[in-house]
Amino acid sequence: MKLSVLLFAAAREIAGCESVELELPAAATVAQLRVALLHTFPTLAARTGILLCAVNNVYASDDRVLQASDVVACFPPVSGG
Amino acid sequence: MKLSVLLFAAAREIAGCESVELELPAAATVAQLRVALLHTFPTLAARTGILLCAVNNVYASDDRVLQASDVVACFPPVSGG
Amino acid sequence: MIELTQQPIDFSTLTESVRSDQAGAVVLFLGTVREFTGVARTSWLEYEAFPEMATAAMQRLEAEVRQRFNVVEVAISHRYGRLELGDIAVAAAVSSPHRAQAFEAGRWLIDTLKESVPIWKKEHYADGATEWLHPEPVMGSRPEAAIPVASTFMSESSPEIVPEA
Amino acid sequence: MIELTQQPIDFSTLTESVRSDQAGAVVLFLGTVREFTGVARTSWLEYEAFPEMATAAMQRLEAEVRQRFNVVEVAISHRYGRLELGDIAVAAAVSSPHRAQAFEAGRWLIDTLKESVPIWKKEHYADGATEWLHPEPVMGSRPEAAIPVASTFMSESSPEIVPEA
């Protein structure tokens, strides 16, 4: 399935785009999405440290199974306030 | 010496006046003032519980020696805020 | 900024007065007139002040909060006279570089104010009864050194307040 | 009241929105843009938000603060975009019957917001350098159960973020 991943803050700047389209197997997990993302942008992990993932506006753990309709975002730890 | 004592809140209401003039020996202490005040208004202690005393806008202990020029006030524990 | 007033408190101006480029955090506390205390229904409140001493006590509080905490600015306003339900009785604001300090200083400030500033409130209940309120028991930070003379006085002088026979 | 905005925050209206006859205490927290962090001098800040999730996360925070604390009303406003020195980045207000609860709820609210709401700030220093900020270490109350999925995620997933060789 194709999934579009939204990127924010340092992750967005390092990737150079606000979102990226990834090709994933059906029923892929967040862990697999993470691997595919870092494969596309190898510098992302080294430069941003830990990356958080959210699915449909809620933080998601690595074993979360994805669907083609999910809104997925990856970003560094938050620093608002 | 004559000393005028300001009264507030329940102390003022029970005494029925905003201040009272007491006759005290020279170099009287706050403790002596307290005795004279309760002699004048015997119901004060029973009705207000503990009475605080302030001299020149600062809380005063019982051994504080008074002067005729001091501004003295007696009142119940505070309950502002 | 220290204020004792019979007019409604403008918490917006008070809060603006503590904002600063040197502070990353502002904490404002408002004490307002609550309708119910348990089952007792308040109709309105009367605050009585000893104005000269209350102002002096609030000025001492400002100096002490600056000495005890890393604060940039401090402002306190206390109202007295007749207050209706929902009215603001007291507003206290502090600014500080970081939020932990701002919360600690704000909490200490209002706790200590309620223990030391000579203002009293009289409840006027909906059933027509009235009552001078006793101070609340203090929860949390106790200002051990804030009013040492008063504390000493309160413990030492207890035997003295029994009226002479 | 939950708000995510690019306009200046009106803390006065926000605070008014939590006042209530049922509350005796209001605590407002403002996070403002500070000029100095140590020796580093900030010129301005850029806040980036993931707006849909940030709004949803603030709504979850409001629900959770109501569940955890005895609060009457809650309001949160977070600004994003370019902020100048002294500008208000976040305002959070709670009202509660008593002040201890109001301080505790206000502190928990801002601590948890800073850990969980997807907003990031980028420092623009006076010397021209820029830097995405890392989250501050949390002092005081730690919201163990506030974002359990995120916490689980953050600990479990660490091995996963090493790029594949």
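Chains here go by letter, A, B, C and D, matching the order in which they are written, and residues are numbered from 1 within each.
Following the convention adopted for this analysis, a residue touches a chain if its C-beta (ideal position, glycine included) is under 8 Å from a C-beta of that chain, and two chains touch if they have at least 3 such contacts.
On a predicted model such as this, the values are computed, not experimentally measured, just so you know.
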item: Separation of subunit C from subunit A in steps, with touching chains one step apart; value: 2
item: Centroid distance [mean C-alpha coordinates] between subunit D and subunit A, Å; value: 23
item: Length of the line joining the C-alpha centres of subunit A and subunit B, rounded to whole Å; value: 72
item: Mean-CA-position distance for subunit D and subunit C (Å); value: 28
item: Multi-partner residues of subunit D (each touching 2 or more other chains); value: 31, 110
item: Interface hub residues of subunit A, defined as touching at least two other chains; value: none
item: Which chain pairs touch, all of them; value: A-D, B-C, C-D
item: Residue ranges of subunit B in contact with subunit C within the complex; value: 6, 8-10, 12-13, 31, 34-35, 38-39, 42, 44-46, 49-54, 57-62, 71, 73, 75-81
item: Subunit D residues touching subunit A - in the complex, by the definition given at the top; value: 31, 47-50, 52-54, 56-57, 78, 89-90, 110, 113-122, 132-136, 147, 149-150, 152-154, 156-158, 160-164
item: Touching residues (chain side subunit D, partner subunit C) in the complex; value: 11-12, 15, 19-36, 85-86, 95, 97, 99-100, 102-103, 106-107, 110, 139-140
